[in-house]
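Across the two complexes that follow, chain A remains constant while its partner is chain B and subsequently chain C.
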Partner chain A sequence: MTPAEQLKDSVLALASQAHRDDGLTALRKRALKQLQLLPFPEKRHEAWKYTGLNALTAGQLENAAAPVHQSADVPALGDCVIVIGNGFLPEQLPTLPDGLSALLLSDNEAAEVTPDTLFGWLNSASLSGGLLLKTERNRKVAGIVHVVFCNQSDAPCHASNRLQVELAEGSELTLIEHYLGSGPVLANAMTRILAGANSKLTHYRLQSESADSLHIGNLQIDQQRDSRVDSSQLMRGNVLRRNDVHVRMLESGATLAMRGVFIARDKSHIDNHINVEHVAPHCHSDQVYKGIAGEKGRAVFNGRIHIHPYAKGSDAALSNNNMLLSNEAEIDSKPELEIYNDDVKCAHGTTMGKMDPAQLFYLRSRGIDEGTATRMLGTGFVNETLLAMADEAVRDWAISWLGEAL
Partner chain B sequence: MSTDAEIDKLVRREYAAGFTTSVESETLPPGLDEGVIRHISARKGEPEWLLEWRLEAYRKWLTMTPPEWAHIHHPPIDFNEVSYFSAPKSMADRPQSLDEVDPELLRTYEKLGIPLHEQAALAGVAVDAVFDSVSIGTTFRGKLKEAGVIFCSISEAVHEYPDLIKDHLGSVVPQGDNFYAALNSAVFSDGSFVYIPKGVKCPMELSTYFRINEAKTGQFERTLIVADEGSQVSYLEGCTAPMRDENQLHAAVVELVARKDAKIKYSTVQNWYPGDEEGRGGIYNFVTKRGVAYENAHISWTQVETGSAITWKYPSVILRGDNSVGEFYSVALTRGRQQADTGTKMIHLGKNTKSTIISKGISAGRSQNAYRGLVRISPRAEGARNFTQCDSLLIGDQCGAHTFPYIESRNPSATLEHEATTSKVSDDQLFLCRQRGIDTEKAVSMIVNGFCKEVFRELPMEFAVEAGKLLEVSLEGSVG
Partner chain C sequence: MLEVRDLHAAVDGKEILKGLTLSVKPGEVHAIMGPNGSGKSTLSNVLAGRDGYEITSGEVLFEGKPVADMETEERARAGIFLAFQYPVEIPGVSNMEFLKASLEAVRAAQGKEPLDAVSLLRRAREACQQVNLDQQFLKRGVNEGFSGGEKKRNEIMQMMLLEPKLALLDETDSGLDIDALQVVAKGVNALRSPDRAIVLVTHYQRLLDYIVPDHVHVLAGGRIIKSGGKELALELEQKGYGWLTGEEESA
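Take a look at the complex of A and B:
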C-alpha cells in the first residue's frame, strides 16, 4: 500500500464517522460518495505538481475535539466578532448588526461543492456544523464582521471550517475571514460566497496560523449580475498551506478585484491555485499577487483565467510578482490563460527576481541597518496590494503583521 | 467581424501541397514488433549496436503510455495500423548521383517549390530531401566537403561516420525520453546528419524537406546536428504531405549539440496537411526537438507552424554551459479544426545563461491553439535571465487561445519576466487601413504580418518570404 493509498483510507475512515442527525446528513452522505471516487492528490496530478502532501500524517485525518477554552489572541479588527473553535460553532452568537443574520448551515442551503477537490468533499463529509451569514435585500451592513476560525490542538487532528455567505440583491457587506491557531492541526477550510445581483462585498482572508499548523482551503465565489467583489488574501507560510480559489462570474457586469500577498520563510510552504472563470459577457476581473520566499521556503502560484465561449467583452488581467531572498528558496509560477472568445482583452504577467542591490545599498549608505533595509524594501514590494485595501484597521494590522515576516 | 460563411471560405481554401505522386513504393505491412525493427535495420544494413539500440528503445516504448496532458483531443492511435517503413522502389538500388534519381520524385519536389538543382544553387541552399522514410538526395555535397562540413542522410552517416553517430545519437533526447521519442528511436528510418568541424562557419544554409507520400504510413525521421567548438550553422526544415482522409503519424526527433562557442540556428516551416474543414484527415505531428548548449554556445529555434491536424512540439534548449544562450521564436497558425499545443523549454543550468521566448499564436475557425512552456532556473544558474512574451490573436468567436507557462526559479539572482496578451484584430487598425483604400482581407493580412514580424525577422530571408506568403494564403477569406 502506498502512502497515498493509506492516507486515502484515513480520509474515508474520517468521512464515514457517525454523526448525529443535524440537518447535514444528506450532504455528508453525498460527499462520502464523491470521496470514494477521487484519488488522493499526488505530485503526478497536475494540480499538485509542486506541492507534496508528505507533511500530512494519518493523525491529521482524525476529528478534532471541541476546544476546552478560547485562548487565541484575536486582534480587534471588526465590530462584530464570531469565534469558531476547531470547527465547532459557539453556542451563543454575538448580536449581529442590522441587515445581517447568522444561521446554522443545513442540507438545503449547502449548495453543491464545486471545485471537485478531495479536501473540499472531505470538508463536507466530516462537517459538524457550518456558519451561514445572510444579508437582507438592499441593506448595507454597518461595520466589519469578523469571523475567526481558531484551530488549536497539541495532537495532530483535522478540523472542518465551513462558512457560507449569501449577499442578497443590492446589499453591502465587509467581512474578515480570519484563520488563527497553533499545533499540528490540519485546518480544512471551505468558504462559499454567493454575491447576489448588484451586491457589494469587501472580503479579507487572513491566514495567520502559527508555523507548525497546516491549512488546506477552498474559497469559492459566485457572482451574479453587476455584483462587485473586492477580496484581499494575506498569508504567511506554515508547514503546509494550500488555497484553491475559484471565482465564477455567472452573470454580466460583474466586477472582481483580487489581491494577495504570500510570504514563505524558513521551511514553510504556500501554494495558491486561483481560477477565475468568465462565464457571462462583459465581466471585469483584475488580480495582483505578490510572493516572497526566503530561507528554505517554497511558494507556488497558479493563476488561471478562463473565458467561456459566450463571454464576449471580457476584460481580465493577472499579475504575479515574486521575490526570492535566498539560494535555497524556490518559487514556481504558472499563470494560465484559457480563452474561447475573440472579443476579449486578457493579459497576464509574471516576474521573478531578487531585492535590488542598488536599492539596498542606497538605504545602507543612509545609515539604515541591513535588517531594517530589507524589511523596508520587502514592505515596499507588497505595499501596492496593501494600500489598495479599503479598511484602515485591517490595513494597519496587515502591514505590521506582514512586516514581522520580513 | 467574421461570419460563418467567411470562416467556411477560409477553411475550404485549397491545400496547395496536397497532390500525391505515383511512385512505386516498397511499404512494410502495418504493425510493429521486434521483427519490423529487425527488418528496418537489416534493410539499411545497420551495425549490430544500432539494432540493439533500437530494440532497447522499443522495449522501453512498450512500457510507456501516450502523454495525455496536452490540450489536444484525438481518438486513441492504433499503433498497429501504421506502416513503419516506406521507400520509393526505385531507391532499392541507391542512385549514385542526383541525375539518377527518379524524375517523378524530382518533379514532386519541383511542385513543392524545392529546387534540388539550379534554384538551389541560386538560393545557395544545400538540400537533403526525405521522401516518406528515405532520404533521396543531398545537393552541394562537394562544396560542403571542401569546408569539412558533413551533411548527409543519417543512414549514410551510420556507415561512414559511425563514431560520431555512436557518440551523439540519443545524447540529447535519450531513447526513453517520452512516448513518441521512444517510438522514433525504435523505428526511425532516415533523416539528416550534420557535423560542422571546429571553427568552421558553414558556407551555406543547410536544408531538409520532408514529405509523406504513401498512404497509411508514419514518418519517423531523426535529425542530428553537431556543431563543434566555435563553429556556426543555419539549418532549415520544411514539410508537406498529400491530402488523405486518414490521420497520418509523424513522430520525429531532432537533436542539436552546440559545443563551446558554437552557434546553431534551426528554422522550421511546417505545412503538413491539416485535414479538411470537418477535421477529417491530416497529420498528427508529435515531435521532440531539443538542443544542448555548452559554454558560450548559442541555440536558436525559429518555427512557423501552419499545418498538421495536431501539433505537439516543444523545441527546447538545455543551457548547460556558462553564458550560453537559448532562443525560441514561434508563429503558430491554426484554422479549421486544427489543434496546436506547442512551446518550448529553457532549462538554465549554467551561470549567466540567457533565454528569450517570443511566441505568437493565431487561431481562426474552430481551432485550438495553446502555448505551453517551461523556464527552469536551477540553483547553480547564477545570474540567469529569461524574457518570455506570448501573444495570441483570435479571429472568429469559435476558436480558442490558451497559455500554460511554467516558471520555476531556484536562484535569487535570476531575473525572469513573462507576459502574455490575448486580443482580436483591432477594429481601429482595420478602420485605418480601410480608410486608406486597403480591402479588409489585405488589411487583416497586413496586421497579422505585423503581429508576427518579430519572429519572421529571425528567419533566413528566403524562408521569411515563404512564411509570409504561407500565412497570407492561410488567412484568405478569414475576415470580411
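Take a look at the complex of A and C:
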C-alpha cells in the first residue's frame, strides 16, 4: 500500500465512524459516497503539485478530535463572539444582534454543497455539527460578528470546522471567521457563503493557529445579482496550510474585492488556491495577494480567473506580489486565466523580489537596527493591503499580529 | 570630531579613494568639491557604512573611535547623519512611523528620554514647517511619490529632528531650484552650532553662496588635492576643476 492509499483508508474509516442518526445523516452519507470515488491528493495531481501531504502520516486522519471546553485567548475583535472548540458547537449561543439568527446546519441547507477537494467532502462526512448564520432581508446587522474556531489537541487528530452563512436579499453583515489553537490537530475547515441579491458582506478569514498545527480549508462564496463581497484572508504559516477559495459570480452586477496576506517563516508551508468564476455578465472582481517567505518557508499561490462564455462585460484583476527573505525560501506563484468571451477586461500580474538593500540601508543609516528595519519593510510591503480593510479593530490587530511574524 | 587618515576604499573591488586625509573639528563647516567620479559619493557612503564600500587601508575615526568597527545604525546613533544624494522611496512605511523608530533608536542610544507621541508629532510638524514641507507628507510613505526637491527637504527635516553631531550632505543641492536650495540652506544654517560639524559634498559652488564654509577641499582622483578657505570655492567657480586636475573638465 502506498502512503496515499493508507491515508485514503484512514479518511474512509474516519468518515464511517462518524455515522449516526441526526439532522446531518444524509449529508454524511452522500459525502462518504463521494470519498469512496475520489483519489487521495498526491503531487502528481496538478492542484497539489507543490504541496505534499506527508505531514498527515503523523496520524491526524486516524482520530476524530474530542470536544474541548477550555477556550483559548480570543482577541476582542467583534461585538458578538461565538466560540466553536474542535468543531463542536457551544451548548448555548450568545445573544445575537438584531437581524441575524444562528442555527444548527441540517441536511436541508447543506443539500447543495459540492466541496472543491477531498478534504471538503471529509468535512461533511465526519461532521458533528455546523453553524448556520442567516441575515434578515433588508437588514443591516449592527457590529461585527466574530466566529472563532478553536482547535486544540495534544495528540494528532482531525476536527471538522463548518460554517454556512446566508445573506438574505438587501442585507448587510460584517463577519470574522477566525481560526486559532495549537497542537498537532488538523483543522479541516469548510465555509460556504451565499450572498443574496443586493446584499453586502465584509468578511475576514483570519488563520492564526500556532506553528505546530495544520489547516486545510475550503471557502466557497456564491454571489447573486448585485451582491458586494469584500473578503480579507490573512495567515501565518504552520506545518501545513492549504486554502481552496472558490468564488462563483452567478448573476450579473456582483462585485468582489479579495485581498490576502500570507507569511511563511521557518519551515512552514502555505498554499492558496484561488478560483474566481465569472459565470454571469457585468461582474467585477479585484484581487490582491501578498506573500512573504523567510528561512526555509514555502508558499504556493495559484490564482485562477475563469470567464464563462456568457460573461460579457466582465472586469477581473488579480495581482500577487511576493517577497523572499532568504535564499532558501521559496514561493511558487501561478496565475491562470481562462477566458471564453471577447468582451471582457482582465488583468493579472505576479512579482517576486527580495528585500531592497537600498531601503534597508536607508533605515539603518537613521539608527534603526537591522531587525527592526527588516520588520518595518516587511510590514510596509503588506500594509498597503491591510490598510484597505474596512474595520479598524481588525486592521490594527492584523498589523501587529502579522508584524510579529516579520 | 572626524579624522580621516590616508583612507583607501574600494567599491566592488575597484579602488576609488586613494589616500584621502581630512580633519573636521566641532563647529566647522567643510565643503568637499570635485568633478564627477572623483570619489565624493564614495566618501559619504564609506562614512555611513553602506555595504559594498570597503575600507582597504587607512582609518576613519569619529570622536576617536574607528567607524570601521561600527555597524551603520551604530554610527547613526553615535551622531553621524548622512543626507542622501538619492533618498530611496519606501512605500507602505509612513514617514511618521519611520521618524518615530529613528528618533527612538537614536535618542535611546544617547541616553535621552523617548519623546511621547504628542511632542514627537509637534516637533515633526515644526520641522516640516521649517523646510516648507506640507504636514501631509508625514502620513505618506517615506519619500513615496515625492519630487526631487521634496525628497531633499525631507532629508533636512530628518536631520533637524535627529540633531546629529556630524552631518554629511551628499550633493543635497544637486537638481534643486534656487527657491528649494534656499530652504535647504536655511535649514542647514539653523543647525550650525559650536558642537556640531557639517560636511557638504557638492558639485556646484552655488550652494556655498548660501552656506558659507570654513574650509573648502577639492577632491580629485580619490584624494584631496587642494584645501583652502571659502575663497577657494570662488576660484573654482571661475577656473573650473581642470585648473587643478590638469584635465579637461568633463562635467
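The definition used in the following text is that the second predicted complex is superposed on the first by the 391 of 406 C-alpha atoms of A that agree within 3 Å, B and C clash if a C-alpha of one lies under 4 Å from a C-alpha of the other, contacts with A are read in each partner's own complex, and residues count from 1 in each chain.
By our rule, contacts are C-beta pairs under 8 Å (C-beta built on N, C-alpha and C of every residue); 3 or more make two chains touch, one makes a residue touch a chain.
Because the structure is predicted, anything quoted here is derived from the model rather than measured.
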Practice problem: Specify the partner with more touching residues on chain A, choosing between chain B and chain C. | Solution: B
Quiz item: When the two structures are overlaid on chain A, which partner does A:Leu377 contact: first (chain B), second (chain C), both, or neither?
Solution: second
Quiz item: First (chain B), second (chain C), both or neither: which does A:Asp356 touch?
Solution: second
Quiz item: What is the contact status of A:Gly367 with respect to chain B (first) and chain C (second): first, second, both, or neither?
Solution: second
Quiz item: In their shared complex, at which residues does chain B touch chain A?
Solution: 1, 69, 379, 392, 394-424
Quiz item: Can you name the residues of chain A that touch chain C in the complex?
Solution: 356-359, 361-370, 372-373, 376-377, 379-384
Quiz item: Which residues of chain C touch chain A in the complex?
Solution: 48-51, 71-73, 75-77, 82, 84, 87-88, 90-93, 97-98, 101-102, 105-106, 109, 141-142, 158, 162
Self-check item: Sites on chain A touched by chain B in the complex
Solution: 46, 309, 312, 322, 324-354
